[in-house]
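Each of the next two complexes has chain A plus one other chain: chain B in the first, chain C in the second.
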Partner chain A sequence: MKYATLIWAGLWRKKARTILTMLSILIAFLLFGLLQGINQGIKSGLSDTRNNRLWSVNHMSAVSSMAVSDMTRMQTVKGVRKVAHMSFFGGYFQDAKNAIPAFATNIDNFAAVYPELRITPAQLAAMDTTRDGALIGRPLAEKYAWKVGDKIPLGTSIWTKKEGGNSWEFNIVGIYDATPDFSRGPLGSGFWINYDYWDEARLYDPHRVHQFIIQIDDPSKAAAISAAIDKLFENSTEETKTQPENAALQARLKQLADINFIANSIVGAVMFTLLFLTANTMMQSVRERIPELAVLKTLGFSGRRVSALVIAESLLLCLFAALAGLVLSMGAIKVIGSVFGPGRLPEAVFVEGLLIAVALAIVSGLPPALRAQRLNIVDALAER
Partner chain B sequence: MSNLVTLKDVVKRYQRGKQAVEVLHGVNLQIEQGEFLALMGPSGSGKTTLLNLIAGLDHPTEGEVTVAGERIDTLSGGQLAKWRARHIGFVFQFYNLLPVLSAARNVEVPLLLTKLSSGQRKQNVKAALELVGLADRATHKPNELSGGQQQRVSIARALVADPTLLVCDEPTGDLDRENAEEILKLLQALNSQHGKTVIMVTHDPLAADHASRILHVDKGRLTDSPTRTAA
Partner chain C sequence: MSAATQILAVTAMNIRSLPRRLGSSSVVIIGIAGVVAVLVSVLAMSTGFIKTLSQGRDDRAIVVRTGSSAELVSVLTNDAVLAIADAAGIKKDPNGSALASPEALMIVNLVRKDGTESSGAFRGLTAEGFAVHPEIRLLQGRMFTPGLAELIVGKSAQRMYRNTEIGSQLRLSGTNWTIVGVFESGGSARESELLADAPTLRSAYRRGSSAQSVLVMLQSPAAFQTFKDAITSNPQLQVDVAKESDFGAQQSDQISKILKTVAYVVGGIMAVGAIFGALNTMYSAVSARAREIATLRAIGFGAVPIVVSVFVEALLLALIGGAMGAALAWLLFNGHSVDTNGGGFQGQLMFDLAVTPALVALGIIWACAIGIVGGLFPAIRAARLPVATALRAL
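Then we have the complex of A and B:
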């Protein structure tokens, strides 16, 4: 610690350069925290081994419908506890820009399959007695200032009513508060309507659904049960594709973008560039201080001690800025990370970030440190 | 008085490109404890090289250098660094203070290599600054001090670890006559009142007059027999 003043003073010898370098490192680690945080968040969310849900869709594509009666056959497979289904309504409120994540479902089963939504028995009873009822998530209600009792008209470009027109009106009978993790996700902001009411009222594709969600007893048997369900519909006109919810989500996400590849590529490129930037700063800083380092050696500082001071300075520069960047990313990820991940920076990413900062400091500090160590005092004092 | 420094047949050669240049040719010298020795000579005569060898900044190509009873020509780089920290106080022509540190912090630097506590270091720094008359400038950075004051801080830094030997390379070379005189009087007082052995390289005959002995170096040799002056 007694060298702290010496190291700190050396770091701030050129204030503007140090601040700019620190800002570069800070922004790089902010980006690292955001990208890796979201990436790891998705990964850890999708690798939850406790998840006991399977998703089953039409083998042709996720938007092709299947007979609702398939649910009864799925229920017969050993290990299946409960089956829910959902169909995409594709609604919007007032303007097509205000898309509403509305789905038709058998709400009793759906609430059982997704206990994380914390739908109450009273809300289920209200849905049961109100055919055109809708249950909505708290974030959605807050966004549009909707409350229980409101009648909400939703437009849709997909579903025409038998009586004509594409405007549907739903009566809000309940607002549910999902668990914090779910509340930030799409299901936490859902707009759930009664399948039976919607199925009777729509003009075409009756008695069909887009997806089944199957709750099973034992998550470790997910693969076997998925295969058994698909076997049921093998060689039929509507073969199914069943897989654990995590795998299905991952596959859908990959259709949008390979987050892992993108995150790693960007972070890799940024860190590589940062290495040169920091190394250049350290080299320049040491080059300017050759006579000062020679004086330290003259006064009795050994080559190793002088090089340790340079490495310590590099560590201070990188760790200080990286820590600030990671702390900022923790805040930022709370805001934007909720769309993709768990809304918090995983500890592993934080630790990984600090380890990268240490490696960056050592690699970029090593060449100037070696130069300082090998410095010939007589030549340096004579400025040769 | 006993010999503090002994140089025996010291030769120093430098490699300049393909050529080996001999700077010192078999120098023999003895310096007694408590002396104030001035080394004079024209530029390139080898006086700074001689000083560097005595101060353990460089190794001789041939010969022996013994300081305070220890052969320093056989020590490794790391051993020499430790030895310098223990035995040598340096005063440079251009002060060579660390510009980002205050006067007190500059003076404290050699003490960082000791096992003294923070409190003890502060006490020693205060005493050294008081000795050079700059206790009231402890918090000032070098660029806030005059040339003479900076050289005083440099002397305080050289003294703070209580070295065996004070080596000064042109300590008044960057100062006006008035400030130079003050610095020389300070070195003289350190020698006469505190018993410090001082070796000073200088071009200036007026500066050399403050020493108790003057030696001339020319073309790598001590040209005249040692003369003592009335200090």
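Then we have the complex of A and C:
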């Protein structure tokens, strides 16, 4: 470490250039962290192996309904602990543009299947006594400044009431606080209403629901239990499609767009540009300092040591700037994270970023370092 | 020498010396090319998406149930369908019947070419309905026979899904459908759909006689208001009316907004990085030319020609970079097909990326802006270079 001062001095030989190079590396790693963070964050949120839930939908499509009585048959499959169901309400508040993630469900079972939502027994009791009650997630309540006791009219793009019209009024009986991971997700800001009330009041499609959520005893048996459930309804008029929750979510995301491909192409473009830029700056910086390096060699520094100094300088530049960029992206992901899954930068992405920074430093520092090593003192001093 | 000749002379000299600084100049070019390529490609996705969804005629209107943002969640009873077809403003065919097409729309699970499942749109049309869709044209095979479980497949749908060749069968909710034809519809979203006879489709899916939407051909684009007034003043109807193109544009709103945000945020961050790169390069270009600049100043050249020469260099590099980036986006992605499941529950939609002249122009404008900012401070430094020190230093 006795050369620290020397490296430091070399780094700041041209302040403006070093700062500009650092800033462009910082920007590149900020983008890298953002895109990879979102990309990996979605994946890691999905591959939580402790997940013991299966989703079952109509085989025809996820928006086709199924008989609510299927639930009783699913319950008979070995390994199934509890079955909940939910149906899309297609709600909006005041204007069709303000979509509200409202779902009708049997809230007791639903709360048992999703302990992550932290719905309290008192809230369940309140839902039980208030037929037109609604339980809503904290983020949703905050967004519209709704509180317990408010009567909220929701429009729906799907359901007409038996008495006519498509405006439904619900009484907010509770606001739940989900676990941090869930409160940022869609379920954390749900608007849950009583299935029984809704089913009686709607004009059509009675006794039918859109999706079953099946809690199982052992996550490692998910595939076998999914198959057993689908077997129950095989060759009936309504076949089911059952998948572990993670797999179902992943498939839905993949339908939206190949996020992976887009993120990787952009990161590739950014990294290529950046590598080019840094390599150029490093080479230029060494070129200008050839006489200085020759002086070092005259003083007795070996060729290898001089090249080590050049590499160290490059490492310092890249690592420092990359670290700053990654830390910034962590902050940015926290802010926008709620939209895309877990909202934190996975450690793996952080480590990957630092590794790329090291690779960048070596690739861009190596050619000038080799040049410094091979330097002929007399020629270099004479600037030939 | 006049100012103009000075500017010309210094700029020409500078540009002639550019090849010697190629290494560092390429940083500006490649940096800007990267920004423009990313910006233009992502925006091309949004443009292509909007183009496909808002493909519609001005003299065609769509009617859905009140509050339905997508056709799929809409239900219109048979009475409603008849009342809509009776409204004023609708064009009549030579036999005097209204050009109105009650359409059934189902979402079905289809297997994509890569083996994953996705939701596809399956539309039912009546024989009269095709008169409302003159742009639907058979490419291969024949039309389905009403009453039989036969369907025709859109050309994009055929590219997306397995088992969609003519003669093959698709098993959908207990019925085996035979594919008898392939159609195109002028690049609209219909090309990602399957089409079959409406009554056959409805009975296979036990939907009774209801429809999801009614499409009507208007007497003229101006007749839209007449039609809308007739529909909205009918107390028996609880429906929304929109011009077909507006309805599609509104459906593409959400996804295109997301894509635009991604393009501008990522492009903006990259642009800041490219500005730093350009600043760096231009500063070093100025310091490499320090002796030359000082000499010019010493023999009487003004500061302005020097500033202009640095600016022109930065702009020239930016233009090359911008053109390269736009060309790259065009070569790689123009006409490249992607598919997404957007705009409500309308099923998987395939569309082509469209690198339009407007996007290329936008890319070049960004490139120039980066070049101007990246050239500004180095140009000022060049002008302020103390002549005596610069001459002595080297």
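Operating definition for what follows: the second predicted complex is superposed on the first by the 384 of 384 C-alpha atoms of A that agree within 3 Å, B and C clash if a C-alpha of one lies under 4 Å from a C-alpha of the other, contacts with A are read in each partner's own complex, and residues count from 1 in each chain.
We take it that contacts are C-beta pairs under 8 Å (C-beta built on N, C-alpha and C of every residue); 3 or more make two chains touch, one makes a residue touch a chain.
As the structure is a prediction and not an experimental result, all values here were calculated from the model.
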**Message:** With both complexes overlaid on chain A, does A:53 touch chain B (first), chain C (second), both or neither?
**Reply:** neither
**Prompt:** What is the contact status of A:210 with respect to chain B (first) and chain C (second): first, second, both, or neither?
**Reply:** neither
**Request:** Could you tell me if A:12 is touching chain B, chain C, both of them or neither one (first, second, both, neither)?
**Result:** first
**Prompt:** Touch check for A:371: first (chain B), second (chain C), both, or neither?
**Reply:** neither
**First, second, both or neither for A:156, with chain B first and chain C second** = second
**Message:** Looking at A:241, would you say it contacts chain B, chain C, both, or neither? Reply first, second, both or neither.
**Reply:** second
**Message:** Comparing chain B against chain C, which has contacts with more of the residues in chain A?
**Reply:** C
**Asked** For chain B, which residues are in contact with chain A within the complex?
**Response** 52, 57-58, 77-78, 81-82, 84-86, 88, 90, 92, 96, 98-101, 105, 109-110, 112-113, 118, 121, 157
**Request:** Would you pull the chain C residues touching chain A in the complex into a rising list?
**Result:** 23-24, 26-27, 30-31, 33-34, 37-38, 41-42, 66-70, 72-75, 106-109, 116-119, 172-174, 205, 262, 266, 269-270, 272-274, 276-277, 279-281, 283-284, 338, 340-342, 345, 348
**Prompt:** Which of the residues in chain A end up touching chain C in this complex?
**Reply:** 16-17, 20-21, 23-24, 27-28, 30-31, 35, 59-64, 90, 92, 96, 155-158, 166, 204, 237, 239, 241, 251, 254-258, 262, 265-266, 269-270, 272-274, 276-277, 280-281, 283-284
**Item:** Touch list for chain A against partner chain B, complex
**Value:** 2-3, 5-6, 9-10, 12-13, 291-292, 295-305, 377-378, 381
